[in-house]
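Here it is, the structure in full.
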Amino acid sequence: MNKKVAIIMGSSSDAPVMNPAKELLASLDIPYEYMVVSAHRSPDWMYEFAASIEERNIGIVIAGAGGAAHLPGMMAALTTVPVIGVPINSSNSISGIDSLLSIVQMPNDVPVATVAVNGSHNAAILAAQILAVGSPEIEKKLKQRKADNREKVERQNQSIQ
Amino acid sequence: MNKKVAIIMGSSSDAPVMNPAKELLASLDIPYEYMVVSAHRSPDWMYEFAASIEERNIGIVIAGAGGAAHLPGMMAALTTVPVIGVPINSSNSISGIDSLLSIVQMPNDVPVATVAVNGSHNAAILAAQILAVGSPEIEKKLKQRKADNREKVERQNQSIQ
Amino acid sequence: MNKKVAIIMGSSSDAPVMNPAKELLASLDIPYEYMVVSAHRSPDWMYEFAASIEERNIGIVIAGAGGAAHLPGMMAALTTVPVIGVPINSSNSISGIDSLLSIVQMPNDVPVATVAVNGSHNAAILAAQILAVGSPEIEKKLKQRKADNREKVERQNQSIQ
Amino acid sequence: MNKKVAIIMGSSSDAPVMNPAKELLASLDIPYEYMVVSAHRSPDWMYEFAASIEERNIGIVIAGAGGAAHLPGMMAALTTVPVIGVPINSSNSISGIDSLLSIVQMPNDVPVATVAVNGSHNAAILAAQILAVGSPEIEKKLKQRKADNREKVERQNQSIQ
Amino acid sequence: MNKKVAIIMGSSSDAPVMNPAKELLASLDIPYEYMVVSAHRSPDWMYEFAASIEERNIGIVIAGAGGAAHLPGMMAALTTVPVIGVPINSSNSISGIDSLLSIVQMPNDVPVATVAVNGSHNAAILAAQILAVGSPEIEKKLKQRKADNREKVERQNQSIQ
Amino acid sequence: MNKKVAIIMGSSSDAPVMNPAKELLASLDIPYEYMVVSAHRSPDWMYEFAASIEERNIGIVIAGAGGAAHLPGMMAALTTVPVIGVPINSSNSISGIDSLLSIVQMPNDVPVATVAVNGSHNAAILAAQILAVGSPEIEKKLKQRKADNREKVERQNQSIQ
Amino acid sequence: MNKKVAIIMGSSSDAPVMNPAKELLASLDIPYEYMVVSAHRSPDWMYEFAASIEERNIGIVIAGAGGAAHLPGMMAALTTVPVIGVPINSSNSISGIDSLLSIVQMPNDVPVATVAVNGSHNAAILAAQILAVGSPEIEKKLKQRKADNREKVERQNQSIQ
Amino acid sequence: MNKKVAIIMGSSSDAPVMNPAKELLASLDIPYEYMVVSAHRSPDWMYEFAASIEERNIGIVIAGAGGAAHLPGMMAALTTVPVIGVPINSSNSISGIDSLLSIVQMPNDVPVATVAVNGSHNAAILAAQILAVGSPEIEKKLKQRKADNREKVERQNQSIQ
């Protein structure tokens, strides 16, 4: 499986929140694109981008947005690949609750796989898990990561005594 | 001024909530279109509809939607006419708060004029007020309506004694 | 169309939040008034101001207020011109949610066109859109602005690579 | 002290919620007026009513309203008598939270004494407590009421065994 | 009328929030007591204090508390004088919403006159309004204050031009 | 260990919600008292009841209340036995959130062990768990209950196939 | 790709909400298991079930739960396959908001792909989209479904005229 | 009674919030364990830890966690000793409300004794109260603490004059 993951966000000001997704995918050798695609400021480009998903060999979309966050839901409307939504607690957001509800409360037939507020790291883990359904190699890396986390808990356990 | 108002909604199941907008405009002799345009189920048709606004002679859009309500915001992204958003407390909504936040918390340069939850009647009043900026005739009707409301208060006042 | 826009706010301490509205209107050569009109501390002046709207040649009111925000709703009660409400997340506000609900949840026949919390910039865009219904010149400027925003997205897209 | 209490509400549809206030005052022989005064539909009448408070010999105002509830706060702006606000969970309200925040979050110098959602009975008790500051007779009745409540608890205690 | 106002709070750490109440009453020459009375840490003292209200010549209680704020409600249970509650957004509070709901949502017959979060200044204004029902002198001062506020708006209006 | 559990509630109207606690304790042969003790309507009786806890041989208090729910917290203030609080979604409550926050957000040194909204059954389980710290017999019954629940899951599993 | 989807829920009382997921998968000829697995009542069985996922040839888990909903998150902790969480607005839930937050706000490295409250239908669509990453056949069916939805909008459009 | 209290938390980053529990138990000479046990990163270790509770002579578990906080509820599922839950307002939490609801809204038969957000001090007090049911010595210390608190109120009372 060599499909890419597209990491898109509504504005370059969202990049600090979305960066961990990029870093995680890179660390797992999963190819990705990293782009600004604004539903509200560049709707034509969003449509165009969605139409090019197949040709770009994109298998999963991670979309981050804040406030009245429409990018993840519109991507889910425009394509059939899984769309992972990252609610961003941006400066124009109400504690991120507006972003969360705007992303998760999608109508029938158009789901967005929503993760925690500002959870772009987890969006990338989820993308890796989805790719791992068809890739034993990625699955192995994810299992290793889980094992590492268990060990980290043990070390933390000693450090707090 | 003979621009029309477009009343659009995400699903025919929203019609009972959006109907008062239609009735109000009709009562003021303001021409309108009344249509289902789903951002999530018919994004191409939404795009096409937005592109035809000028040609349809539409001056204002009233858009109602529930849950992760993206229709008003996407219309605001795709056109420069004023867009009035009606948050709908539909069956898949959390008391209408999700719809309200999804509609009102728009980013810079792409406003949606948001009214109360299920407030399609007021969306139509607002549309009439906007048209009245250039139409003394509509303004006169709105002033009459305000006067009628004052009288209704007087009558209510007597009825509760 | 040479109607003015009134930008009013409950206190001079709201000026930093309301300033972007002033700047936007100035940049579009739309004439405006910029004033403190407090519903709670100067109700007489509010009534007087509302009564003078026609004579002042004001076509649209932008009203910002925080906490139990009554200024936008009272302006909508006292006049038939479109009133745009800006919920302000002031120091005595609960994350701006109190301001938002106090402004948007208006009863039948008295709508306030509500924008995002602290969204005075968007209030001015909305005012321009309303004036553009009767002004091809303003409409042209708004279309240009939309085109500029699309280009900004392209530039942002390159900067984050 | 023979000042009256004014019980006012935004609409005759609020009467079922405000009725307990009327009944309580009647049971304590406190004179009252009971009226519809809408901040949004009859702002002139509200202004006029506020101006007549002294002449009507009104010492306290109880004001009930729902949604973007502006009546209690505007009464507090227009008069110096104590204003008691009753947030109403009306059909156009979001669980009464919008009404509550619209009433309680008043700015400096313009307080509204807010009671529980739909708590018109308690608004009347509070009015009686305020009048009792200068009336030993009312104070005695309130003390009797407190004693009766204690006895009611004892009886309830026996009934649930 | 020479009744005193008691300003009480759950902890000395609440003093910075409650101080404005003290200053306002002092500025109006209304006598007051200023005390820590904790419902949770000193319930005996709270009962004792409530029982001494008559003897202390206290006519109104202002009670501030944060989090699970029980002091205002318990004072209302233990006495028949009007109790004004100030929800405090203390360090252990959830944006003050917990304090607000703990104070305002009182059951029948035991009202607390609730003001805005951290609104101790307004609690004192309300106390003055209550005393003014029987004191033309205080009423005059409150009317003067209202007039001063109107002038302040005028000055603010000039300063922001 | 033969200490009793006191199940108290603010009003007899809370009995339907608190009944499951009684039934659970009865089924585990744990002795209990079942009483109305209102913090707001019978503060003296509440105080008296708290003072008699030792003499009544009460080891744990389960207290249910709705709205501005003060009974659990005041019991925690007046005694050192563990107090379990049951937030009740009563008719005068806002979805039970007001009751929950009024009970759980207690200040330092005065905890209330809070369970889910309307969770009186779980309050009784928790009381049994507390007694089981010193009673192998009750512990055995609780372990049996856990085993029964596991079996119930198995049976449910078959029924839905 | 012939991996199965496991649809699990905390209780048989959740079956009416989870049924649409079953029906959707059946309609797409995607094999599934449908089971009660309670994190709280059958933690051993949950653990055992998670350990058997590979052997059962399960590629995706859909987990529905209400209130303090731990099942989806614990499944994500115990396995590396994608876990889709369905927040259930059960009788012991606060409008489903508690379920939603308990499921979506997962810590780093342990994501749950969360869908709308009661959105089991969409959980199944999302599962199909994930499987479609490696299955052109399922992808084709999903594209057909999207096309059907567009047509449905057209028909709705005619019906409301 | 010489049972120990286990203080566990989801991550070493929670230690600053959980530390007060440790200090309080130490000050009361109550033996404790202090450990990181993550439900999400170390589920095996959590199961193992739960299985060892009897052998470790643990009588009460205090569990702190933030966001989608599952540790307290899973401990309650895996053992019959009382579990006290501390909602942590961690960096990935929404004001602690997500943590609170994830911990308190437990289903029937699996209670978690929930304390205030970040209330680890109170969790330890509650643990001491539970142990005091069978230990007159601890009860005496708790009564002394209550007396000390009363005196502190008196001293605070003098300091604010």
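Letters are used for the chains, namely A, B, C, D, E, F, G and H, taken in the order the chains are written, and counting of residues starts over at 1 for each.
Just so it is clear, a contact is a pair of C-beta atoms (placed from the backbone, for glycine too) under 8 Å apart; a residue touches a chain by one contact, two chains touch by 3 or more.
Just so we're clear, the structure is a prediction, and the values are computed from it rather than from any experiment.
Colleague: From chain B, what is the lowest number of touch steps before chain H is reached?
Modeller: So the least number of steps between the two chains is 2.
Colleague: Have a look at C-E, E-F or B-C and name the one that copies the D-F interface, over half of its contact pairs being the same.
Modeller: When the residue numbers line up for over half the pairs, the pair is C-E.
Colleague: So, what's the distance in Å between the C-alpha centres of chain H and chain E?
Modeller: So the centroids are 35 Å from each other.
Colleague: Could you work out how far the Cα centre of chain C sits from that of chain H, in whole Å?
Modeller: 49
Colleague: Check each residue of chain D and list the ones that touch at least two other chains.
Modeller: 11, 41, 67-68, 92, 94-95, 97, 104-110, 112, 116-117, 119, 149
Colleague: Output every touching chain pair, sorted by label.
Modeller: A-B, A-C, A-G, A-H, B-C, B-D, B-G, C-D, C-E, D-E, D-F, E-F, E-H, F-G, F-H, G-H
Colleague: Please name which positions on chain F make contact with chain G in the complex.
Modeller: Listed in rising order, the residues are 95-97, 116-119, 149-150, 152-154, 156-157, 159-161.
Colleague: Given the complex with chain G, which residues does chain H contribute to the contact?
Modeller: Contact set of chain H toward chain G: 10-11, 39-41, 43, 47, 66-70, 73-74, 76-78, 92-94, 97-98, 101-110, 112.
Colleague: If you look only at chain B, which of its residues touch chain C in the complex?
Modeller: Touching chain C from chain B are residues 1, 3, 59-60, 80-82, 84, 100, 104-117, 119, 121-123, 125-126, 129-134, 139, 142-143, 145-146, 149.
Colleague: What residues of chain D sit close enough to touch chain B in their complex?
Modeller: 11-12, 15, 34-38, 41-42, 44-45, 67-68, 92, 94-95
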